[in-house]
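Which chain is which? They are A, B, C and D, in the order written, and residues in each are numbered from 1.
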Amino acid sequence: MPLQRIGILTGGGDCSGLNAVIRALTLSAIRNHKLSVIGIERGFHGLVFNQTQELTLRSVRDILPQGGTILGTSNKCNPFAFKELHKDGRITTHDYSGRAVQTFRDLKLDCLFVIGGDGSLQIAHQLSELGLPVIAVPKTIDNDLEGTDYSFGFHTAVQVATDAIDRLQTTGRSHDRVMILEVMGRGAGWIALEAGVAGGAHVILIPEIPFDFDAVHAKIKERQALQAPFSLVVVAEGAMEKDCQPITQEAATTRLQGVPQFGGIGNHLASRLGRDTDLEVRCTVLGHLQRGGTPIAFDRVLGTELGSFALHSAVKGRFGTMVALRTPDLKLVPLKELAGRARQVPLDSQLIRTAESVGICLGR
Amino acid sequence: MPLQRIGILTGGGDCSGLNAVIRALTLSAIRNHKLSVIGIERGFHGLVFNQTQELTLRSVRDILPQGGTILGTSNKCNPFAFKELHKDGRITTHDYSGRAVQTFRDLKLDCLFVIGGDGSLQIAHQLSELGLPVIAVPKTIDNDLEGTDYSFGFHTAVQVATDAIDRLQTTGRSHDRVMILEVMGRGAGWIALEAGVAGGAHVILIPEIPFDFDAVHAKIKERQALQAPFSLVVVAEGAMEKDCQPITQEAATTRLQGVPQFGGIGNHLASRLGRDTDLEVRCTVLGHLQRGGTPIAFDRVLGTELGSFALHSAVKGRFGTMVALRTPDLKLVPLKELAGRARQVPLDSQLIRTAESVGICLGR
Amino acid sequence: MPLQRIGILTGGGDCSGLNAVIRALTLSAIRNHKLSVIGIERGFHGLVFNQTQELTLRSVRDILPQGGTILGTSNKCNPFAFKELHKDGRITTHDYSGRAVQTFRDLKLDCLFVIGGDGSLQIAHQLSELGLPVIAVPKTIDNDLEGTDYSFGFHTAVQVATDAIDRLQTTGRSHDRVMILEVMGRGAGWIALEAGVAGGAHVILIPEIPFDFDAVHAKIKERQALQAPFSLVVVAEGAMEKDCQPITQEAATTRLQGVPQFGGIGNHLASRLGRDTDLEVRCTVLGHLQRGGTPIAFDRVLGTELGSFALHSAVKGRFGTMVALRTPDLKLVPLKELAGRARQVPLDSQLIRTAESVGICLGR
Amino acid sequence: MPLQRIGILTGGGDCSGLNAVIRALTLSAIRNHKLSVIGIERGFHGLVFNQTQELTLRSVRDILPQGGTILGTSNKCNPFAFKELHKDGRITTHDYSGRAVQTFRDLKLDCLFVIGGDGSLQIAHQLSELGLPVIAVPKTIDNDLEGTDYSFGFHTAVQVATDAIDRLQTTGRSHDRVMILEVMGRGAGWIALEAGVAGGAHVILIPEIPFDFDAVHAKIKERQALQAPFSLVVVAEGAMEKDCQPITQEAATTRLQGVPQFGGIGNHLASRLGRDTDLEVRCTVLGHLQRGGTPIAFDRVLGTELGSFALHSAVKGRFGTMVALRTPDLKLVPLKELAGRARQVPLDSQLIRTAESVGICLGR
């Protein structure tokens, strides 16, 4: 029986390119197959509580250059472990997956498209195991999902970080300062590495390589000796010193609890470098500027390709899968193969070798 | 006696457009008057210690789009109160203005161009009182100098902040969050106001209007009631709550001591809003991204006009002055008229009226 | 009797910042005075044929960063000389001003806001003479309207042109080429001059100074002799050679007839320079890229200020006027004082002096 | 015997990212292997006439964000068929490959790095056949080189074109116009397709699919019927109508002869659409804006990786090869395998399928 109605939701933190996927799914569904398209609002929250809107050709007009997601998202809601806040402050956890399945049935959907990251893919897999026809589109600004060459939003984040480095370079040089830029990357250093290489950084610190503070210090001293007292350091938020308790632990915790972060690794490093050298050190935390805003062309094309491919895979009944980029092609990966696999930067990758080849200190 | 040799220095924090001024001074001097041009390095530090480089047509090639200053700068050095750090950690203060004057004479300069902010203009005035032929070019990213419509670097900072707001808007809307952007402006809220109006902020907090937390809270609640739970707040670093000790005092202090800042007004506000509402609140501190990088066209034109006009004013012997913009003309202001006058946003200005007219809450 | 309903239309070619004005008018009207706001579609066309939409708080959400005008525009329609195309190809001209007035009355409007350029202001004045309460907001990408320091859209166009020059500089230098950029400016050279100064052009040709081809040629030769064989020329579309019939006449004519333009002054100049020198010459016509797209912060602020000020002027009954920028204030100018006055770059302006001071050849 | 001295040249049209390759080669050579690095100026011209400069760590400082090539280039010079212009206007052709080889020997080079496109790779192959140790780095803004997933400069060009489309969208919509953007791509439509998909174009015309004018016309009419009278058309410069003599023939010819182009396919299409419909049609030719300027992060990273990998391949003696991207790895391709193979967009590629899936008319 051919598809008639599909549902789309976006889960987890937003990133540039989500709207390109929503648009491509919708256009492909309506133009090629005359399907009805239901947008589920605020991620899995809308699936649990049946909050939706119909998506038409008009709904997706002009959204290609827009950051964020027109459907809204939630990066906390898990139907299988739904946290409810009571008036007395207690929080209880419930399995609302039944509600999610019921919404799917009430809406008479024939396929659910889940656009999301690690957590959302896990939920998509669980819903698939419960028998729902699901197709996932991978989303991670950190580029740390196994199974796909790149995820959309990543190159936009790298571009934003590179633009920031270009700005910091000129102010650092004018003042002979050490400028530190902290970028996203809790568990993987892709953004830090690509932006650092693109921006001509002198030091790049990533979670994959616990760093030796003395090596960083030595690099900065080497530059002073070369009459170039200015240095630029890019540090992933998840980087940590060697033989050390995770020094971002506290920041990570407070951030998870919804309290705004300050005092992450970038600022810690700035304090220590300022104390151990006679240099002026300044830290900038790029934060949410990496997430939002107009996606660069690469991410718009990738998002559009993934959305279009996902819809056509659904038409062919290829459920329980995730669409993935294997340059220059797209392919399908079974959801069950993905569980729990995060992708760090391989230490023997060309990117690592390139960085060290052009003289960048990786803290080792 | 006509001019033969001129000196140029840039003092204080860097901002976009400094190189446009240096270039215009140099090109105008060499092309029109065949002068020798001496670049004094690292601000007044180079004047005290006679550290210079000759500036030629080649030196200033291609520097127009570059942020920062090719001469380097220092935002601590005052020849009249020079702080010397001794090996035992003591700091002593000396009057090295004699050295500065001597360098001027040793270099056989006929005019000194000082491109700088409040502090540098003060020093320029003192050197002028000592008899040096000085012409100043005003520089302040905060736009808070009396006597000139705009200073270069300001509009670039506003553009960078506006781009940041555009990015935060999409991520805030996707997550129904309150996004806070802290921008520069210790004593004046020009950047916050212009960027906030340009970016469509819902709340703008500036030093000129000590804010009522309840008014801010009410505005955010009003938006929730209007089915637009997302809000965007722009706060100048020098903003403070009404009837309150300056809550940025600590941050300001630590920054002045060269220790990287965290925990400024933006993060304080985020904590409090997060605590007093059930909303997710996120703060981004734009920091040094406002200073560096390619100047926008407006600042390149303004810097070029000011530099060219300064040189021609020197040729006419109009020393002891500052060049200033009185749209669309330039004019000269005596240095002695400037002392200690900072320019805040007038509360009856069109900008304030405009902001409130389109529904922006200014915290009152 | 206080205002109750207002109408807004945008006329003439689009430019960046129109939506900022529409948004500010609408927000100020609804939030401060609870007025009804009627958007008139496609410029005066909608006034003649009563094609409108109501503008609400929701209509103007998110339009601040958008180029163009949400109301649509027409740069041909004049109610006083309306051209009608018949099936047999004949075109007849009619005075439909009565229809325009009738629409105004049918809509029960209390004030009409006309956002437009030279032609639209003329029509606004005529409608005002017929007794309609009209307030105009000046719009010209060319910055050539008398009575206002700057018009919105102009600085965005200058920024787009400057970005283009930055790009052409690197390719020109790599190839030792003469790169020509043709920018807008039929009757005034503001864009060419500001962008040329901002981009570090070597030659700038504007309508105000009929150019001497030999002077241009000599400047390019001078650069070759200086081991800098690359040159960058910015030419306004309305520039023309001295003692010459307007060489853009043909292009101008064809453009007015709705046929796409090619072969304007930029390409003519490229042909001639390529023939008279042994240099490779390349011309780029920036064209419509100057009109559309996200306005820079300056134009968003200016548009918002003008819109807000226009609304409040209407509330005070100050009809028959145009709002204008007299930095840093806004003011009202009677419409009748504007008729037919276009503003060229004064030959004794600081901008002209600056350009020549830094060595730019203006073709004389 | 280990390497001691290497030479680098850039040939053919410039594109963004060339400096990233030069920098990575130089830094890797000096930092890791203490080699001497000779920059050969103006492409093969400098090899024939022994025009060089030494490249040091200082030479390549700050060049990463710069467009173009610091070595200069020539897109006409072929040592094997060198065209000499005589005073009487005659042009004679000579085999100066012996001079090129002699320069290589005089400079005591151990390896020559040729960064260039189709033509340069051919020459590199011929020099390799003559016994010179050569390693090539592929460069083509059109992305039409066989053997590598992407070439640097391509994604920057796509980004520039996408930004242009974003601008044209708003102006087109405001005026209900058909906006045409002509982009690069003589023989392959990669830029047109990626930028068109990224920008949400309605029609994309590429050399791989000779287009049916009626199909284009029908698409535009379909949009009018849908109350969306505005259309955006992206056309590659090499696109041509079905069953037609190449209509860009004349433009292509004149361009090859060094005469600036006008009247390419974009303008032809605009004339015809304007004539056959009652719509206003406007064409913008993006031209050289696609070549120059700051490379986006992707191209800086790719250029750096290719340069670093090329140097290390030389150290291992892997001459007669081209470095290539096989995402996410780099690899070596023998130069002899490349001869004459240009890469068009495969008609069964995901990109083509995606474009048609979201409703873009490809002229068939």
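In the analysis below, contacts are C-beta pairs under 8 Å (C-beta built on N, C-alpha and C of every residue); 3 or more make two chains touch, one makes a residue touch a chain.
Quick caveat: nothing in here was measured; it's all calculated off a predicted structure.
Across the assembly, the mean Cα position most removed from that of chain A is the one of C.
Taking the mean of the C-alpha atoms as each chain's centre, chain A and chain D sit 31 Å apart.
Rounded to a whole number, the gap between the C-alpha centres of chain B and chain D is 41 angstrom.
Averaging Cα coordinates per chain places chain C and chain D 35 Å apart.
Counting only residues that touch two or more partner chains, chain D has 166, 169, 294.
A complete list of chain pairs in contact reads A-B, A-D, B-C, C-D. Those residues of chain B that touch chain A in the shared complex are 10, 13-14, 18, 42, 66-69, 72-75, 160, 163-164, 166-176, 179, 258-260, 262-263, 267, 270-271, 274, 280-285, 287-289, 291-294. Contact residues on chain C toward chain B in their complex (touch as defined above): 23-24, 27-28, 31-32, 61-62, 64-65, 149, 155, 158-159, 161-162, 166, 169, 194-195, 197-200, 294, 296-298, 300-301, 304-305, 308-309, 311-312, 327-330, 349-351, 353-354, 357-359.
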